[in-house]
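In what comes next, subunit A is part of two complexes: it sits with subunit B in the first one and with subunit C in the second one.
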Partner chain A sequence: MAEALEAIKALATGFATTFKHLFRKPITEEYPEFKRTLPERTRARIILTRDPDGGERCVACYLCSAVCPVSCISMQSAEKEDGRRYATWFRINFARCIYCGLCEEACPTSAIQLTAMFETCERDILTLVYEKEDLLVDHGGKDKEYNFYKYAGVVTQEGGKGEHIKEDKPVNVKSNLP
Partner chain B sequence: MSKLIIDDREIEVSPGTKVIEAAAQLGIMIPRFCYHPALGSVGACRVCAVKFIQGPFKGVQMSCMIDAQDGMVVSTTDEDVADFRRHVIEWLMLHHPHDCPVCDEGGHCLLQDMTVSGGHGIRRYLGKKRTYTDQFLGPLLQHEMNRCIHCYRCSRFYQEYSGYRDLGAMQSANRTYFGRFTDGILESPFSGNLSDICPTGVYTDKPSRYFGRRWDYQRSPSLCINCSLGCHTVASIKYREVKRQEARFSEPVNGYFICDRGRYGFFYSSLESRPRMARINGKQCTFNQAQHAMIEKLEEIKKNSGSAAIAAVGSLRSSLETLVMLAQLCQTKRWRDPACFIDSSQVQNVKTAISRLEPQLRVSLRDIERADFILAVGADPINEAPMLALAMRQAQRNGATIVVIDPRPVSLPFPFLYLPAAPMALSAYLGSLIKAVVNRGTADKMGDGARKFYDRIPEGKKLAEAQPPLSSEMLQSLQQSRRPIIVCGTEILSETVLSLSADFALLLQAAEKQAGLFYLMPGANAFAGGILSGEKDSFLQIIEQIEDGSIRALISVEADPFWWFDDRPRLERALDKIDLLVVLDYLDSQAAQRANIFIPTATFYESGGMLINQEGRVQVAPRALLGGIPISQAGGGDHPPRLYDVGIAGFDPKAAWLTLADLANGAAQEDEKALQQHLWKQISDLIPQLATFSSIDEIPQEGIVCSCGVNIDSRFSINWSAASNIRHDSGDDFDLIEVDWTFGTEELSSLSPCLWKLERKPCLVMHSGRAEIIGLTDVDLVEISTETGSLEAELRTADNMAPGILVLPRHRKLAWQIFTPGKIRIRKDQIRKKQ
Partner chain C sequence: MDWIIGIIVLIVKLGLVLVGLLLLAAYLVWVERKFLARLQIRYGPNRAGKFGLLQPIADALKLMVKEDTVPEAADRILFLLAPAVVATSALLMFAVVPFGSHLTLWGKKIPLVITDLNVGLLYVFALSSLGVYGVALGGWASNSKYSLLGGIRGAAQMISYELALGLSLVPIVMHAGSFSIVDIVNAQAKYPFILLQPFAFVIFIVSAMAESKRIPFDLPEAENELGAGYHTEYSGMRFGLFFLGEYVHMQVLGAFVAVFFLGGWRGPLLPAPVWLFIKIILVALIMIWIRGTLPRLRYDQLMAVGWKVLIPAALLNIMVTGAILLI
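For the complex of A and B:
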């Protein structure tokens, strides 16, 4: 008899809890109707950013493609007329990318960055191959300040020899004065 | 021998070995920047510090400066030295710019490696960095002086090792600068080596600038086919094209370096104009269609005119496989024997050289560096085989006397004694040298033949007339030498001089000297061509037989007669006359454009194969890439097309010998392995030294020196009466000699755009005295007319050359093919000044 009472009590508590929740505000976020803002460090779709002066940051140094564990990045580097090194083409195969973020970590110029944009489902797998024009954005991403060519010491429009940050004037090789 | 202990391991090394080398023999790589085995030690960078625990030295010392000695106990891992090295690298990095991402050296940079392995990770110096202005150094090297760590490797290589003066150190102390006095193209044809030896990115390779990182390149050992020396290279391939070539160390051949012609002579392999599709009468078709058409047409000609109406031309840039296959094909099909050389004198010269390269006489480039007397006869090292000049420079640095007897104005990057002699007078010079250095008793030791030969050397008057006379300095240093070497070109000499040089070397050996003999040859695989050719098989003979109607079809295998045949109008008439011209090639040559049937072949990089260099060294290069149209062309400069496809576009061309095998068997052959084994059998029958190996893969890297074709009976057999018959220079006419230049005359390297800027302007060279007599001056524009055409070029005069000679470079910009093959004589009224 006592056992039967026990069972009824348990059943009633269960129903009571359910009944109580009927009048609560739901905590489930309906996706895609509701889209939560993800943290800045979320690792999803990759972008190529620009420096504060609007120049392409990527110098196509091949470090991201070297570090990529699934070899989904390929590119071709070349030189612009003003001496900047850039990528003539830059391709990421998102069908293969595992969003590990090693490319971002390897990038010496803060060019390649992972963003929170993760909605990249496609029916045709070839549309997941992104070219440079799909990747290049017109902002600096997470790093707004850095401009590699202001420090590098190579001659570009950003400055000649001795005109970069923390550089002395070029040595005069034809004088022996100290 | 000295016995020492390095890192608890004992090693015995020969006296004079530096500790850094002794460690290297144990497999311990002591960090180094300034030390290089070829350049020696200077102790400038301080990074090779080791700790001497016992022995004559104590404490932290530079391992590149100290000879290994008995009883030394050395530690390379001691805490003191590790700390020392870390500090040294930190100092070197003080002014190093923050530009690794845009530096082409990144990925194979010694400074990068040392910085990481030395443990200097975080910059402590926050002050201003020193900067330098860069220079324009020509089309081959990019200069970025900010990166310099002052190891002096570049100036030591450039000035001491290679003998050129226009690049070196300037300024002092912390501001030392390496470069030229003013901007300009580097003069040395070895300047490309600077990008190999610079431990950081001061000199980087310009033609492959920014193309890829070391880790992205497929790097494959290869061989240079731009001259007959067969230097070892590493081909770097990315996105289906050869993009860079570096020197590969080889003890007997090129050492650590290669010349710029070899380094940058690879661009032909991925030119956009390179034909990748077969053609029938100029129309593109599939590979199989062309092959069927070729087999059918040849059958037809055989039926109509007999199999002797079919002739084949081989090429000196083909692999041994292709040449052997071609010879075999001609034999089984009863065609005419293939011709690889222009005329009979060229065949005979090469065959003579091969027959005289006795095992005890022939020497390698490395032996040349060790010589103490070098006599170069009819050879222009810097133009014909640049690496030979570099080897001679090393001999000269070690105190050797270099004598050059040549009609051309020869220039070399080191002091040498020069005798301008007409080709006809060369045998007289050699005769008098023999008389001066070897006595009759010594000649007697070599047997009857040698004594008779010695006695027949014309004495007195005739030789005295050879002008200018031999100096006593030359004779004295030859007499005193212990390791004399005779270097002999095969291009402009008669076969008598080639024989005589070999006889001279034999006599020098009889005089108890370690004499050596070194021939240059007219192409990368000229040795193989020489073995496979008969005495008379020449292209000129084929032309003659086309003219008399006995040859109706011509198959040209990787050969372009338009490039090297002396008489273009005659060649064109002959090719118009035949029924069928089949061309197999990887270049879009003029012959290929004229061909009735054209079949593309694979380059040496794509097929791999064997080459025999001028010393008789059989060397092997593996296949470096599969082939196909490079990504840069397939994508039109942009990204490659997004396509799923089977196979590679432009993958049709296969090795020429495979196409020839198909032709021999009458149908496409499936089993490449079996063909290869069959061919290997043929090759090892031809070259007995290879018989001990069961396949091509077993041939060691430094190659196998073969002595097939050596004929001891041809010793001391020259005809003196013909050889000493010096034609008196009447002053009325000129002997024209066609010569090679470092850049612009060799077929493959002249297709490299980056070398075009280094080419000298094509010009005729004449003795200044003679030019004055006929009223010409330096830089006049002159016209030479012959029965077949005329040639316009600038005239340069020179004092240091034989007077009765006119020198003509076979320059790509000069339509020089207007002469009758053979000895060419130009009367002075054929030379006219153009206004």
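For the complex of A and C:
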């Protein structure tokens, strides 16, 4: 008998709880009207960023293209007169991209980055193929100060041998013997 | 000449009831989705039209234009027939529900019921047993393990709750002294039977919910274990027919709760069909509330409740009612 009473009490509390919820304001965020600010590291539409001086960061090393699990990144590398490498063309097929973020992790120059812009739906699937002009932005993304050629030991206009940040002058290997 | 007028009147009544039932079934889906959403502090459908009122129409259109697939290994004829069995058996049950006493048109009395069978109650039970065939055959003909399990569960569940359903209404028949549903409503002219038979009411509601395969008795379709149970393999409007059957069943259940326990179309002020409508909606809302609150029963619990609680309680209720009526 006590068991039955307990069961009835449990049922009544359950029904009371759901009934009370009937008069609460719904907590739904109604998407197209209300857009919540997404976390900084949300993985969506990919951009190609520039260094603080406005140069393209991408050095066309093919690492992102190699690591991409769905092979949606392709490019052609070339070299400027001053020794800076760049991509003559750079293409991302967003119809294939799974937004895993591996390209961003692989990038040695912080060039390729994922942004929070996720509303990329299109009627025509071919409009989802983005060329370099569509991908390039004029800011540094998440890593604003970084300039790859100021650190890398590559001779460009940014500096010759031993003139980069945290780089020692080249030593004469002949005089450096033990 | 008389029989032609009779047939015309019958067809008009059939048409009105059918359209009413189907429209109400569509909007019952909307009511359920809205009400259930509010119970879970959500909004529910609110995109198609004002308050999402066009949602049922959009759903129906979508179901109709979807491809109607038949699995290669399925038993084709049975597979195609099973949804119709479910939908028609649910729709036909409404034929004996009175929605008013009678209309007088051009000096002729037109009873507001499609047919006043003298065994109306038995007709209802017969049809609700037929509904089991739709579920069991649909599950079997799909030739899929999920469907088969759903169908077996459906058959077992509905057969065991049929007993309690029938037995719970025997006291009502004893009070009214007739199997005719019109007579049963007329017997409640002074007071509804729920005051006389509260236990029968509870037993009837529980077993009728099990009959209509709704949460907490939705074992035949148990989404998280069986995919979608007996209608896993169905698509398009054939799935829609199962769906329609379920919601028509909900209305029929509401109508029978009203007819057997709440005095049917009787009520003050408002016209008779409106009272029946209000009672149907009320029962439907309570069923949705139950759905929003209770989890699904386990299979053994389901059987234990049916055979060890509801059937003995219903038998006891019959004996006590009989004893009281004799004294």
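In this section, the second predicted complex is superposed on the first by the 141 of 178 C-alpha atoms of A that agree within 3 Å, B and C clash if a C-alpha of one lies under 4 Å from a C-alpha of the other, contacts with A are read in each partner's own complex, and residues count from 1 in each chain.
The criterion applied here is as follows: a contact is a pair of C-beta atoms (placed from the backbone, for glycine too) under 8 Å apart; a residue touches a chain by one contact, two chains touch by 3 or more.
These figures come from a predicted structure and were not determined experimentally.
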- Task: Figure out whether A:Ile27 sits in contact with subunit B (first) or subunit C (second), or with both, or with neither.
- Result: second
- Task: Kindly classify A:Phe19 by the partners it touches after superposition: subunit B alone (first), subunit C alone (second), both, or neither?
- Result: second
- Note on the structure: Per residue count on subunit A, the busier partner among subunit B and subunit C is B
- Looking at the overlay, what does A:Lys166 touch: subunit B (first), subunit C (second), both, or neither? first
- Task: Answer with first, second, both or neither: which of subunit B and subunit C does A:Asn176 touch in the superposed model?
- Result: first
- Item | Common ground on subunit A, meaning residues reached by subunit C in one complex and by subunit B in the other | none
- Item | Residues of subunit B touching subunit A in the complex | 97-102, 106-107, 126-134, 144, 146, 170-172, 175, 177, 179, 209-213, 215-216, 239, 631-632, 635, 637-639, 642
- Message: If we count contacts the way the header does, which residues on subunit C are in touch with subunit A in the complex?
- Response: 37-43, 289, 292-294
- Using the touch rule from the top, collect the residues of subunit A that touch subunit B in their complex. 59-63, 65-66, 76-79, 85, 88-91, 108-109, 126, 129, 131-132, 148, 151-155, 161-162, 166-171, 173-174, 176
- Note on the structure: Per the touch rule above, subunit A residues touching subunit C in the complex are 11, 14-15, 17-19, 21-22, 24-28, 30
